[in-house]
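Each of the next two complexes has subunit A plus one more chain, namely subunit B in the first and subunit C in the second.
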Partner chain A sequence: MDIFFGQLFTGLSIASILLLVALGLAIIYGAMGVINLAHGEFVMLGAYGTWFLQSQFGLPLIPCLLLVFFMVAAAGWVVESTVVRFLYHRPLDTILATWGIGIMLQQAVRLSAGAELRYVQTPEFLSGSIDIAGVGIPSYRLFILALTAALLALTWFVIQRTEFGMKLRAVTQNREMASCYGINSARIYSLTFAFGSGLAGLAGALVAPIKSVAPDMGTNFVVDAFMVVVVGGVGSLIGTVVSSGLLGSGTAGIAFLLNDTLAKALVFLAVVVLVRFRPQGLFVDQRRR
Partner chain B sequence: MSKSTLSRSKPYAQLAAYLLFCAVILAVPSFVTDAFLLNKFARYLALGLAAAALALSWGYAGILNLGQGVSFGIGAYAIAMHLKLKTSPVHTGSAGLPDFMVWNNLDHLPWFWQPFHSSLFAVAAGILAPVVVALLLGSFMFRARIAGVYVAIITLAMLAVVNLLFIDQQAYTGGFNGITDLAWLEAGSVTFDPYSPAFYYLSAGALSLCLLLGLAFTRSKAGLILQAIRNDADRVRFFGYDVAAYQSLAFAVSAGMAGLAGMLYAMVLEFASPTFMGVPLSLSMVIWAAVGGRGSLLGAAIGAILVNFMQGSLSESFLDTWQLILGGMFILVVVFLPNGLSSLIGILADRLTRPARQTPDTALAALSEAPRAGRTPS
Partner chain C sequence: MTFTRRNFLKSTAVAGVAGSVGFPHIWIKDSGAAWAANGEIKVGVLFSLTGTTAVVEKSMHNATMMAIDEINAAGGINGMKLTAIVEDPASDPATFADKSNKLVLNDKCVSVFGSYTSASRKAVLPVFEKRKNLYWYPTLYEGRECSKNVMYTGAVPNQQQKEFIPWLVKTFGKKFYLIGSNYIYPKEENNVCKILLKELGGEVVGEEYVPLGHSEFGSVLNKFRETKPDVIFSTVVGDSVIALHKQYKAAGFSPDKMPMASLTTSEVEIAAMGGEYAAGHFTSAPYFMGHQSKENEVFVENYRKRFGKESVTHFVSEAAYFQMHLFRKAVEKIGKGDITPIAVRDATAGLEIMAPQGKVKVDGDNLHCYLWPKIGQAQADGQFKVIQQSSDWVKPEPYWAYPGQSCTKDGLKGA
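So, the complex of A and B:
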């Protein structure tokens, strides 16, 4: 039973990190149709931002989170208004251009912060572990889990209950029509991209204490996040949540039976098969064309 | 698309450009005698071949394959397995087991390694294995009418799968380290030392042959149908063509060329590693093809050679900044020149010829051409 709970928690923990990273991507891809391969680099920027604030100003992790969100959101805003804006009618080219942006961000960080691994400290009150049902669970992982849930709720609120969210949904459904009703769609897209990037930055800040921080850490994140978004279905928040749960628990389960590498390979293979039979994803919103 | 109108109006100019390029690369050893440089150039040519292969599926058939590394890597491992078997007795004694197998406690050669004692089998496997994989994956995808972004995502996921499997099966593939310490390929009395002109000729010959065959393929009926599918798959389907079969064909031909490129690359570096199947290399290939021109095999090959040549000839200290410039250059090309540098030639040719014959006829033609010109292959 202990093993089962342990595995369940490992699965949840992997899933929460997946969801955290995929959330921003899901919004950008779902609302704008932009395949943002620089997403992993925004995660990386968030991690480095945290490291920088912590090592230079001695800020603890929690206040860092808010600052990092706005820093990376600003970076996303710049990227949108200088490059991505020109590619909305060429979705495949966004893959290429954002990869180029990724290369530049990676190299810029490597030049300014150095290529060596960096470490971010876990806050002291979260460094212990909590005993639940006889299983010792690192409290930082629980913290991530809780924060992911909070961010999810926040995202849902922003999209479903604010004026910005309403405009965003209108632009997503039909950009021309929305513009005719006086919605500044270019501004909405910029803000959406910034919001998604900011979420990626937050994800980076949160995973920084448990993963090593390196300039090329984003590449793995972006592939994983894409699989989550595609499996869940474009433009479906619930889908993203469920698919990160599925992929997370799947990875943890297979890794328990076989090993980590094979688990990842098999999960990706399952994704390939799934995309083939349901390219629209598991939870597609039927109202979208 | 200015490129295709150019090729339609001047088919001989295009052929001449290909032949000129082949002549130039084949003439290089007459001027360059430095073994180190020849080795470098041979490496660029192998990467050029990989980019040309990508242009065949991406530019001509509209299949954006982000997992070119699958074919490239399988080719590389096929030849590496053969060359490892030739070298291993020197390293591990009479048993003839490759060193990494000894470290993984294997006591005999796995059955699927046995046929790689033959160089002919290894070369055939390096080309045909990627073709078979591509045919399977291709028909798996295209029968379900998967297109556009989803092709990119599936191929990217497959790349990750194959990469992880090769890393995982350490006893058979060498794991993270890959297969190192390779012998030189021998064919008849010729030994292809990667620092010799003989190897350079092998690389240049393979690229020339593939470019010319590829050109013939794109000019054939199948090539035309593929371009039609790229522009509007549904319309071609309504004409009664089996769209999935043609797409799988293009995917497989491209995979075979990429497999050959992978073989050359493994031979020139004298190792095969899972990084050949990493996401960064496969996306770099896409970059090279896009910079050179996805709509032209030659353009893509030149793009790859140029980018790598520039990268290779910069000093170590400047290399860091180079990545920044490369990323920036790439973004500029994607945003402003979606058909790559090779489309510049077409644009310039149009500029030069248009004012000379500004008759009502050509003006009308230009007008009717205009809406189509905005359409880029995607």
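So, the complex of A and C:
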């Protein structure tokens, strides 16, 4: 029983990290249709930002989170206004350009921060584990779970309940028409890209204490993030939540029954089959294109 | 055949490949033995400075360059300077092979020093065997190789495990959980571990391999909880080591009751995870930075003077360092005109040298090294405390797990 409970929590925990990383991508890919292959590198920048703030200024993790969000959002804003902006009508070129940006960011970090792995400290009060039903649940994982839920709520609020969100939804539905109504669509896109990038940076800052911080750490994340978004259905926030839950618990379950190598392969297989028969993903956002 | 664009591209591509393959043969025949011309000896240095394994390979590169500078500062070898030709193979086995070809054929290096992963060593092997050159490989590896064109200065499984496993069984118990990354090295090490455990009446309660770069150990930790092993025997490598240690501690496990015993966790990985996560776990290796000896003190001091006082030395950078001095000692024995890669190899066989870990010797038959295995316990300050050192150097037996097979002067016997 306690093993089942422990396994359930492991699944939830993997799912929360998946969701955290995919959230920013879901917004950028879902709302703007931009396939941003540099997403993993924004996660990496967030992790390095935290390491930098911690090692240079001795800041604890929690204040770092806020700073890192704005730092990486600023980086995203720069990337959008210097490169991505000019490629909105050329999706294939966007893939190539963002991939190139990703490689440049990796090498820039490697040259400036060094190739060695870095480490980020877990806050003292979150470094232990809490005993629930005889199972030691790492408190930092609980923290990630809670924060992911909070970020999800915040994202939903921004998109559904603010003026910015309303404009964003208008631009997503029909850019020309929205512009006719006086919405500055270029500005909306810039802000969206920055917000999505900031979320990616935040994800990086949060996972840094349980994983290692290295210049190429983003590569795995970007694959996972795209998988979540594609399975969930492009442009659907609820789809992203459900699909990260399914993929997370699926991976954890198979890894426990068999092993991690097979878990990865089988989950990919399931995704391929799903996309074959339901290319639009699990949840489809009903809208006119 | 009509002259279409596609056909044109095809035929030029074929011509290009044929040209690049055939070309070297034209001039290699009359190239002569210019291995030590103009008072310099060229050696290739082939460690990845970029890519996934750059973290560790950079330190091997550093140790190699430091040894070269030491040799040159002391007047070179028989009056000749060592010239390092540095190439960056970017953590890619195919690039390792390309760069090896370049170093051997174009630059005429008499030896090449390089590689961390087995994949990259396997990729360059054909180059060195075909061109009758010599490759120096400083990493611990899985054994089961018997090339006459490679000097192996890292440990093989029998050297790391023969004393380690009995010690673990005696100190902690007989139930082992084997966890490794999913490739050849952990599987071969675990073969050896299982043979040793069987002799000792031990039990394997789980054996599992995670993908390279894996960083999510939740399910694996739950299996530890369920099977309750006495020892977790880890051959996980790279970034995964850090994730495993961090998540192990966060899950509330304690190294006093269920320690991780590793062959791959070194000072580098500990520096990247923070000492508190590694403290209490064990590693078996021929060298630790905290090893007490005069040679090591000098080595560490010079290394830190040169690469920063935060930098660490570890078991592969130490081997990268002493193998260059082995090379020096070998070339010193050879007359100026007689220097060839094969002459260097023959001069190295049986050679002894004082390394930071202790006095090491190259086995004359299998070209691996006699080493001094140690058991270290990681401390919160990021260093290892040496708990036990073997009483004598341990002979390398690359085919230990394969009875009837042995690596001799004339190659593999009994396969």
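Note that in this section the second predicted complex is superposed on the first by the 287 of 289 C-alpha atoms of A that agree within 3 Å, B and C clash if a C-alpha of one lies under 4 Å from a C-alpha of the other, contacts with A are read in each partner's own complex, and residues count from 1 in each chain.
In this section, a residue touches a chain if its C-beta (ideal position, glycine included) is under 8 Å from a C-beta of that chain, and two chains touch if they have at least 3 such contacts.
Just so it is clear, the model here is predicted, and its values are computed rather than measured.
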Contacts of A:Thr261 with subunit B and subunit C, given as first, second, both or neither: both
First, second, both or neither for A:Leu117, with subunit B first and subunit C second: second
First, second, both or neither for A:Leu87, with subunit B first and subunit C second: first
Touching partner for A:Met217 - first (subunit B), second (subunit C), both, neither: second
Touched partner set for A:Gly128, first subunit B, second subunit C, both or neither: second
Touching partner for A:Ile3 - first (subunit B), second (subunit C), both, neither: second
Partner chain(s) touched by A:Phe277 [first = subunit B, second = subunit C, both, neither]: first
Touched partner set for A:Gln107, first subunit B, second subunit C, both or neither: both
Overlap of subunit C and subunit B interfaces on subunit A (superposed complexes): 107, 110, 216, 259, 261, 264
Residues on subunit C engaged by subunit A in the complex (per definition of touch): 49-52, 54-55, 58, 182, 208-211, 213-216, 218-223, 225-226, 239, 242-243, 246-247, 249-253, 268-269, 271-274
Touch list for subunit A against partner subunit C, complex: 3, 6-7, 9-11, 13-14, 17, 107, 110, 115-119, 121-122, 127-129, 131, 135-136, 138-141, 209-214, 216-217, 220, 251-253, 255-256, 259-261, 263-264
Residue ranges of subunit A touching subunit B (in the complex, touch as defined): 35, 37, 83, 86-87, 90-93, 95-97, 99-104, 106-108, 110-111, 216, 219, 223, 226-227, 230, 259, 261-262, 264-265, 268-269, 271-272, 275-277, 279
Subunit A-facing residues of subunit B, complex: 64, 66, 140-141, 144, 146, 148-150, 152-154, 156-158, 160-161, 164-165, 167-168, 279-280, 283, 286-287, 290, 320-321, 323-324, 326-328, 330-331, 334-335, 338, 376, 378
